[in-house]
Amino acid sequence: MVVKRALAIITLLVIGYWLAVGLSQVPFGEDKMLIGQYYLNNVKDQTGAVNAVTAVVVNYRGFDTLGEVTVLFIASTGVGALLWKRKRKRTAKTEGSIVLTTGTRLLFPFVMLFGAYIFIHGHLTPGGGFPGGATVATAFLLLYLAYTAYEIPHRGFEVTEGLAGMGYVTVGLIGLAIGGYFLFDWIWQTWQFGTDNIGRLLSGGFIPIIYTIIGIKVGTELSGIIDNMVKEEVSE
Amino acid sequence: MIGINIYLTLITIATLLSMYRVFRGPTTVDRLVAVDIMTTITTGLMVLFALYYKRMIFLDVALVYAILAFGGVIAFARYLEGGV
Amino acid sequence: MISVYYFGAIALILIGLYAILIKRNLLKILVGLSIMETGVNLLLISIGYVSGKSAPILSEGIGPSQAVDPIPQALVLTAIVIGVATTAMALSVAILIYEKYGTLNVEEIRRLRG
Amino acid sequence: MSALTIIGEVLVLLGTFFYFLSALGLIRMPDVYNRMQTSTKSATLGSLGVFVGVGIWALGTDYGSIAWLTKTVVIAVFLLLTNPISAHALIRAAYKSGIPLWEGSVVDKYKEHLEAEAKTEEGGEE
Amino acid sequence: MNELFIIIFAPLVAGVIAWALDIKGIRELLGVAGAAVPLAYLIKLYPTIESDGMVNYTLNFAGFSFEFMLTHLSWVFAMIAGVVGLAAVLGIVSTAKKGYEWLFALMSLTGVYGVFIAYDLLGFFIFWEIMTFGSFMMVLKYNKAASLKYFVLSVIGAYAMLIAISIIYAKVGSFSFIEVYRAFSQDAALATVGSSPLFSRGEIALIFGLFLVAFGVKAGMFPLHVWAPDAYSETNQSYTAMFSGVLSKTGVYGFILIYMLIGYRLLYEFGTIRTVPKFGYIIAFLGGLTIIVGGILAALQEDIRKLFAYSSISQLGYILVGIGVGTALSIEASIYHAISHALFKGLFFLIVATIIYRTGKTEFKDMGGLAEKMPVTFAMAFVAILSLAGIPPMVGFASKWLIFESVISQNMPILGAMVFFGSAVGFVYLIRFTYAVWFGQRPTDLDDTKDAPLPLAIGMGILAVLNVVFGVAPGLVAQELNKIFGREVIGGTIWELNLGFGKYNGLLLTVWFVVGMLIAAIVYFMGAKVRKVPITDTYQSGNPVTMEYNLTIRRNFFLPLKEALSFWLRMSFDRFYKDVGKTVEDFAETMRNYVYNGNVQNYAWYLVIILLILAMWGV
Amino acid sequence: MNEQYAALLIALPLISAFFVPVFKGIGKNAVRYFLLLVTALQTGIAAWVFKEVYTTGQPIIVIAGGWKPPVGINLYIGHFAALFVLIIAVVSLVMAVFSISAVKTEPIDKYAMLFLLLMLGATGMIATGDIFNLFVFMEITAISAYALTAYNKTGEAAEASMKYIILGGIGSSFFLIGVALIYGSLGTLNMAQIAQLAATMNPTVAQVGLALIIFGLAVEAEIFPLNTWAPDAYQAAPHPITVMFSAFVVKAALYAMARLIYLMSDVGSWNSVLRMLIIMATLTVVVAELAALRQKNVKRMISYSSIAQVGLIALAFALGTQAGVDAGVFHMINHAVVKALLFLAVGYVAITIGGAEMENFKGLGKKMPWTAFAISIGAIATVGIPLFNVFWSKVRIILATIDVGYTWAAVLVLSASVVEAVYYFRLLHVIWFEGEGEKINESFVIGLMMLFLAALVVAIGVYPDYVWELARKAGEDIFNVTQYVKNVPLMGVGA
Amino acid sequence: MGEASRISRYLYTVIVLFAIWLFLTASLDPQELGFGLLLSLIVGAFTYEIFTTNGLANLHPKRIAYAIAYIPYFLWAMIMANLDVAYRVLHPKRPINPGIVECRTVLKSDVGKLSLANSITLTPGTITLDVKGDRYFIHWIDVKDDSIEGASKNITEPFEKFLKVIFG
């Protein structure tokens, strides 16, 4: 075992050195922007978003994000598939104290609202659909932690999740129909909606729409994953 | 920003001390307590960064972080208690 | 000389790998995997960093020439979500394994071999 | 340099000092219960100082706005609400997961309570 | 449609249809047609070859250019396939039990035609594979171990060939025989003037070695012969007539190709021993060993099928010796013997098929006195025995005589001795066959045995007639073979072979033979009447009889010989290959359990080790 | 029709997968037939794309969001992608049919979603023209594969999935590091632009980056010794999924590897990466064939065989010549068909007789003659007998290998093929000549599918010209990087 | 105290949420205000049932006044707590005398109990370990009196006078 640890350390150090040698030729803190600078120069005109990261995530590289949404959907589906049992229930033993339950009740709406705040402001501030969705899911997580009997309405959540996903693809397809390209931002580029609004809420083309969809989707997905993880099989 | 070095030094020391407790334990709850303190400190650090970079937008990040950290700590605590 | 961020990223990657190579408990191995992923994400972010420039959000007086490269940040956002998804999958598989094998020791989880 | 920034700086300085104290408590105290005693309070107060300090400080700068203060207050309130809840959940977890009190502890009313509760439950079953 | 294609694919098409319809009667009809059509076309094309020297065709297919050519050489070999193939197929009419036997028998026939007619290395290889596959499927049903052995050795041979072909292709850039020949000749010329040649010494040796393995397997050359006794015996015996008679000749043809394509280059690179090229000497010497080993083992067999299987190996040895010697005469002699072997061994196996078909027995101890019950078959056997034994005026004599002459003329006494030994041992095992099967007392359960069924009889008849015809008029063959070399290698007339230092007149000898045969007939009919003793009671001279030492012509006849040779017999290549196979399997098992040990942590180590290698290598 | 509609190849499976939870209440069979419908539609779209690309001879460049590369992400559906997307769709369609009877485990709606997303992931991997987007699609493929591997929810399934997750996780992490290095050096993620700028890249970064990317992909591409997860996953996954793994999931990774290798052929260390890959690929073949030799479980045996074939393809791709790439693509197609046939038939046996152990195959020729016939065709083809499709590509690979001078690799590979011949031989013997049994009624639909695949095997074997022509064009698509760069409408940014 | 009407509870929730929104955005941009209101209405609809039982009654001026008064009082207590901590942490002898004691509370409402528990946790040397009904189990770093009455007097009572009014 000692030998194994020693071997592991030596091996890893060699690999680490190798990576470092490679990285040493990618100088830290220096400007290496090609496409990045193009984004920064054009992001406001081309997408209406102030947050260049968001513009990249949802608009310029929206295809990645569609994939990312899919990945999370797969995880949620996969967890659901693997932990599927004919009958499952929560089997928690102790309920949270009144401190936790009451705290959760007070926090729940606030956390939800803040989640919504995050995804709806994605084009203006850091954040967006995923952190927003994660925040929403945290609200549900707290409910699960505080109450032993709490369960989300699965059916509704699953349908919401599916509809949100379909909504995202549909937005992309509308782009294809209107602008000739899949995931084309028809709101900004064709309708030019919000062009005099840059920096304010109603701008950024389809980014807030997509981020809202993603926020809802991620929120329901993560909640679903939590739900699946904390439940156990019970005999009928 | 006169005191920036002082703040950062204090925060760094605090983080290192907490880190010691994270690694040292001895119980899982000890580690968790230390992590909880670290997340609180990190939230503070984020807020300070917002000021340093003059970007208010980082405050939102800090709040998201605080929320997620709270959820995480509670989850672990409830798990250790056997109450999930 | 490589930067402390690169160094930290590589360190995280190696620590994660070490856990994968040495720890017997499946959950610890998965933690190792997550640590490694975190290291990779840190690496990605560090690569996009430009000294003296700010987050690529063009408000509050930040112009296109004062912001850092937005691409790595966008990539990391994606990578993080993918990491979360992988972890969720892995955990549910681990739950399944524990249900069927009654252990999380990798040396005992080897019905499939040869 | 306005008065606001000075107030802000002082608050932040105090806050970070309490952060330091909080972490020091983690090291100095003998068991997990007593560590929580020292750390949670200090960290929360420290945060309060840092957040509100930053909010006030920003008001005194050219880029600052009232939004800075409102946002930092929201975060501060959030922490004020959640940190004690975390601490409570953690200490309960510590107790329920069987971590013994420090050997110098003088009394354990909770243990007596749990034992009595267990007895009544047994009795109820009979 | 191109006639060459009809020749090649007619059997396969007929086979597929026969198998798919699987209607008794029709499938037999189709099968015979599939074998007859190519033969008819071969005969039809003969005048063209006679006038133009060849019939050729090029096909662009699958991104390659395939060439087909019927030359004098390939025509002769194709005719072997045509005649013996047809005879064998007639035999199969009687002995086939399942529809798929038609498919695979005919598929292998297609392969054989393709091998002979293809005029490029890739086409050659493809048809080689088709032939191998068809014949393998014929064996598979009967015996797992035998077919596996055949299969593995065939695959090894085929892949050896593929590598050799690929090496050639990599340098020449073409598969065409003509291009390859040109490249190697040029290469030899280049090497002669001292320029650096295309193929290095090592490469040329490798190519030769690979071809030697590839063709050696198919020809049953020692020590690659181990598959043959089992495969030849463990299948439909009518098919074995084709298997041994025709398929083995593709190996022979391959050896001739070595001369044709890369001979010059080999000759230049490795030189000669006296007048024989060194590379040829290897072939010849292995051929000589093949004669001896095959012959001795044939004599020791208790199973009629095995006897002829080993006999086949032994006879192929003659052909290899001739090829190895490498003169025009010796090669022509080899081809001649290839023809005669196909004729008489094809005949033998049809006879064996008939016997098994009628009696259901395969071992000598269960037979005896069948001449009386199966006169037609016996007459066929008589021809075959004479031919194999090399008794004039059968075709076997002519070819053996030529080989012997060609070896002796090159001053190679050891090879000469080997060839001679082969003839001697041939007598030994033929005696066994003759007496144990046809004469002596007949076991009572064979009393109702019938003679050959009609298709088998026709098949045997064709071969028997040709055995006689080509023996009486050896010049028919010789003059055709001369055309391959484009000059008169063997002189004489239709009736006479004249080598300058020796002559053989088939017609004259026939006259003598007819006289001899009359005498033999008298002996037989008298003998059959006189002998009536219990089977276990022969030639013991009053010694106490144990079952083990109950040496009759039918049981353990050569046991003393076996014991005398026991030391040598223990050195079995068969066993050696088996051990190699087992070692490989054990290794595979160990490696599999070690590498794929189920522990994901070890697997992660593999990944890290690869990273380490990448890091250290500085890739 | 606007060729941008090729984006439907991605959009359709996605929106369909999202639709499943919305309507699943209708019933289980509804989900099954929905799956059928979607894969059929996908096949239609793929066929249209295929027709477009092969009639015009021009690739379809799908420009996501209307942002021209390198600013936006583009899909590059050239001759290779068009061909392979069609193969993916067709195999998926056939497997959707097979799933109706082969997959009874609940929850079937989740199965359908994961099925579609696996198909989507492989499609995306093959189509994308952006290196990070490739990572995303790789993860889509991988994570759905993890889930599907464990789908049967047995201990073995979970174990296999866990191995896949851990090894795949390491692989994808290092792939991402490679991407980070390349991005850090070039500032772009677009494949065409990377190819354009590869020569200017810092040699050290290029070296490490290329090595890491190939390493990451090699895990998914089942290259020894990074393939240890594969036999387990193949064995444990539901039968239709095993078919998909073998027919196109691993192929997508192989393709990605080949694509990136050739895009970066200007990188200084290119040749040593190829050499390393050749060694590993050859070992893949040898080790996998040896491991298959004494397998008692037929599905696992064929899994190893599949890995060996994959090694052969990797070898072909690593040769660095046009001939090698063409041969590799050709082998990919052939192997997809043959292994689909084999796994389908073996899976069908397993669900009918109750397991894929060698024991279950005794007397199969009598019990299930059609299935036995299908297995025989597949086995014979895999071994590389002429008149069956694999022969042609195998020969091409050997020719190409020796042409480059890697005679030792060819020798090892062929020696391993001898081993392969042996274990397939044993299987055939067990099926046809050992054991007895009563005839079992074989499913007409599955019989039809097996017949279709077997016919394809023989048809390509007897007349390979058409498919070879396809493979050649597809190989050209991978090998001719100059043309690739020319085809992508790069805007001037950063050039 | 009985439950308030649905409308009252919903409105109360929306008002609170909108107030938080205002703090979060600190913007009077009509777009922000509009969306804030919209989101408050939506989120409120989903959450009001678990958020409040009293509804608008919580906004009674007396309660608000006491709440405002409570803030400095509590902050002061908290600062004292921290000075106490500083003393204990920095003192070389680490002067502690810990134990778990039990207290009683007069508070009825859940929110009141929560506030009390949090207040206890954040102030000198005490952490709420568990709350069961009106019984508080508290980890006390420096146990001065381990009887229920004594402990209550020391720990809970100072806060209760405010909290009783604010939360009832």
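So that you can tell them apart, the chains are marked A, B, C, D, E, F and G in the order they are listed, and the count of residues begins at 1 in each.
By definition in this document, a contact is a pair of C-beta atoms (placed from the backbone, for glycine too) under 8 Å apart; a residue touches a chain by one contact, two chains touch by 3 or more.
Keep in mind it's a predicted model, so treat the numbers as computed, not measured.
Chains that touch both chain C and chain D: A, B.
The greatest centre-to-centre distance from chain D, using averaged C-alpha positions, is reached by E. The greatest centre-to-centre distance from chain G, using averaged C-alpha positions, is reached by E.
Judged by contacting C-beta pairs, the busier of the interfaces D-G and B-C is D-G. One finds 30 Å separating the Cα centroids of chain A and chain D. Centre-to-centre spacing of chain B and chain G amounts to 23 Å, using the average Cα coordinate of each chain.
With each centre defined as the average position of its C-alpha atoms, the distance from chain B to chain E rounds to 85 Å. One simple way to say how far apart two chains are is to compare their mean CA positions; for chain B and chain F this gives 46 Å. Counting partner chains per residue, chain G shows two or more touched chains at residues 20, 24-25, 117-118, 128, 130, 132. The set of chain B residues that touch two or more partner chains comprises 54, 56-58, 60, 63, 67, 70, 74, 78, 81-83.
Counting partner chains per residue, chain D has residues 24, 36, 40, 44, 63, 65, 67, 71, 74, 78, 81-85, 87-89, 92, 96 touching two or more of them.
Looking at which chains touch one another, you get A-B, A-C, A-D, A-E, A-F, A-G, B-C, B-D, C-E, C-F, D-G, E-F. The touching residues of chain D, counted against chain G in their complex, run 18, 21, 24-25, 28-30, 33-34, 36-38, 40-42, 44-45, 65-67, 69-71, 73-74, 80-81, 83-85, 87-88, 91-92, 95, 101-102, 104-111, 113. Residues 13, 16-17, 20-21, 24-25, 29, 31-32, 35, 39-40, 42-44, 46-48, 50-51, 110-111, 113-114, 117-118, 128, 130-132 of chain G are the ones touching chain A in the complex.
For chain C in complex with chain B, the touching residues are 54-55, 57, 59-62. Residues 94, 96-97, 99-100, 103, 106-107, 110 of chain A are the ones touching chain D in the complex. Residue ranges on chain F touching chain A, taken from their complex, read 2, 4-5, 7, 10-11, 14-15, 17-22, 25, 62-67, 70-73, 106-107, 110-111, 113-114, 117, 120, 124, 130, 132-133, 136-137, 139-140, 143-144, 146-147, 150-151, 153, 158, 177, 181, 184-190, 202, 204-205, 207-209, 493-494.
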